[in-house]
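What follows is chain A paired twice: with chain B in the first complex and chain C in the second.
Moving on, here comes the complex of A and B:
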């Protein structure tokens, strides 16, 4: 029964191939568990600034897929009262604890992120916050240096796009567009 | 044979599929560090109605409170349904750290100077650490500064003092609903008659329901256990309903209560007003928070 041997051989090769592919996939993925995202709201009356240093994010440099995941409650404000109002009255962190982004780098084939260098990229995908998902397209920079990827981006978000209501009474204190900054250092994903 | 072929085929297909639509968000869940998510803001401010809530000032925050109770509604046109009279309580409350608040105040009721401490012991949390309730210990002392009832007898300074100990056990069930149990011990150094107990035990229950982002409905009741009853005074358990309105740094609390008091001794131990007899007081608290640093 020689045929059987051939089939078994194909079977094992396919298993080995699949295992190989998984290690290959891991080589393509870069992650960060403590990425930094912060935002500003600036009006003549009040400057509001909050930082989140616990952003989890992953990037696949082959496919260009990129995802972010953060807890709204992890945004830290200078004033405790602001933080309370942010969570309680604006983004409702109890009901919508997370903000996520899932998307991809546009024209990933034009970039070789295995090589050191600075690349200006465009990222598009779904930003989900306060129970609302919006398609967004923003630019950012990726700097590849010695097996690390430094990602930065700066873009504007409109609270009203995500059904975040700002009452008339405080409209002078909260900007209608919030400046969001992203600063991530990705490292090669090593499976535990 | 066919089965083997189909298995191989499936394997190859799965490999390909795994490549095509990888869900990075799911993968993120598996790599992100387990976090502790603390519950915050079970109540809008440091009082449910008259009684202390689990909330306390954060480090560097100072709260100025103006609390006011009018006379009873049953005083009729002669007392302008209570608006002729007023009892006031002014206080300053400061967060030394996120878990320690100190406060000082004075109420016109028995001209009492009042000091207290609120110490956070447990914080409700979920995620990596699961704690079902928040727990704080509250202690206060009051000094009655009125002139002596009977100046002829030997009076001691200690007779002016009263003390309160409370455990504040609160749970925020969801964004809207929070509940608090408040076991209370009040110690009065001097009581009016020999029949009165110096130690009074009570159990408070208070809750809030958020109607909108900035408005909540609050209710508070204290069951007061009195083993011996004073014959002259009919003590009544305090029941209050209120509305919290938050506007930025201010919280306005408007309430109806059968109790005139604003410190524990007065609204729990000394209350004689009764809802059924119309001893209902309109009142308000205004809280203003300043961030000092």
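Moving on, here comes the complex of A and C:
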């Protein structure tokens, strides 16, 4: 009889522990499916701007792991010709439909992202687009406010680093470094 | 006299071609992006079938639904409506897989119509299909969408 009690007790304790563990991991993950990333190319001749507000992204506030996934085709331009050139001639979005980033926040242990506040962080990892993967390290800001994380960042990307060739004819109209802006509102991940 | 007339004729014709060419170039350059929300649909499909096509063969689905600026009209049941920070919203449609959805980015002009919709409603949405992504859940993305009557 006694043995049975102990087995039951162990059984229940383990269930409670595993349930706790699950909530713990769920509360570490913050996600957004409609993150906003946009870029500018500025030259005296032409300003080009494109927006993508369907960026999927996950951040783990405990491990500092961070990942982005976006479709090149989801970048919206004002002018049809620019969008066509971007997709067909520069990034070849049918062959390379995605742009991904996978990395981590540097020295995550120095930040307590469960506490409200503004944190300046460095993120490093692999940026993949146009079939080319490059290690990058950029700075950004994370603002934790009432169970939401507002992430912003601004950095430059060189098309030639990703084997994206800009033809001579339009080289004066497209900047050699493209300014990329990131604006994400992360929410606690809930599985439906 | 005759030669002079001919030359004048050639100059006028040449000037005309140059002006016309410039106009065409300017028109092409300024042309806005296709109005996907309000154009004739090239493909009409159920949400589930569109999703399945991407799961089965992404490359083929891209050729069929993403290439050549096709307008895709998709019918389905609303799973959820997420608000964007700029006042627009994303309507996701059920696809039969609990981890999947068609995510439709609605155009600003349709904010009024979109605000009247709720979870469970059956809608027909048309727009531009831009592909498939699966970081958080399995999503087929539709951009520049409008409600089709």
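Annotations for the structure displayed:
In this text, the second predicted complex is superposed on the first by the 172 of 192 C-alpha atoms of A that agree within 3 Å, B and C clash if a C-alpha of one lies under 4 Å from a C-alpha of the other, contacts with A are read in each partner's own complex, and residues count from 1 in each chain.
Just so it is clear, contacts are C-beta pairs under 8 Å (C-beta built on N, C-alpha and C of every residue); 3 or more make two chains touch, one makes a residue touch a chain.
All values derive from a computational prediction rather than experimental measurement.
When both complexes are overlaid on chain A, chain B and chain C end up clashing with each other.
Within the superposed three-chain model, A:36 lies in touch with chain C and out of touch with chain B [touch as defined at top].
By the touch criterion defined above, A:76 reaches chain C but does not reach chain B.
Once chain A of one complex is fitted onto chain A of the other, the partner contacts of A:89 are limited to chain B, with no touch recorded for chain C. By the touch criterion defined above, A:65 reaches chain B but does not reach chain C. Within the superposed three-chain model, A:53 lies in touch with chain C and out of touch with chain B [touch as defined at top]. With both structures placed on the common chain, the touch criterion links A:188 to neither chain B nor chain C. Contacts of A:170 after superposition on the shared chain: chain B is touched, whereas chain C is not.
By the touch criterion defined above, A:106 reaches neither chain B nor chain C. Contact comparison for chain A: of chain B and chain C, B touches the greater number of residues.
By the document's definition of touching, neither partner reaches A:180: not chain B, not chain C.
Across the superposed pair, chain B and chain C both touch chain A at residues 31, 33-34, 54, 56-58, 67-69, 71, 73-74, 79-81, 94, 97, 189.
On the chain C side of its complex with chain A, the touching residues are 28-34, 62-63, 66-67, 82, 84-86, 88, 90, 98, 103, 105, 130-137, 139, 141, 143-144.
For chain A in complex with chain C, the touching residues are 31, 33-34, 36, 53-54, 56-58, 67-71, 73-74, 76-81, 83, 94, 97-98, 183, 185, 189, 192.
Across the complex, chain A is touched by residues 1, 4-5, 7-8, 11-12, 14-15, 18-19, 22, 24-25, 27-29, 31-33, 35, 37-41, 58-61, 98, 172, 174-175, 213-214, 246-249, 289, 291 of chain B. Those residues of chain A lying in contact with chain B across their complex are 3, 7, 10-11, 14-15, 17-18, 21, 25, 29, 31, 33-34, 54, 56-58, 60, 63, 65-69, 71, 73-74, 79-81, 84-85, 87-89, 92, 94-95, 97, 100, 102, 165, 167, 169-170, 173, 189.
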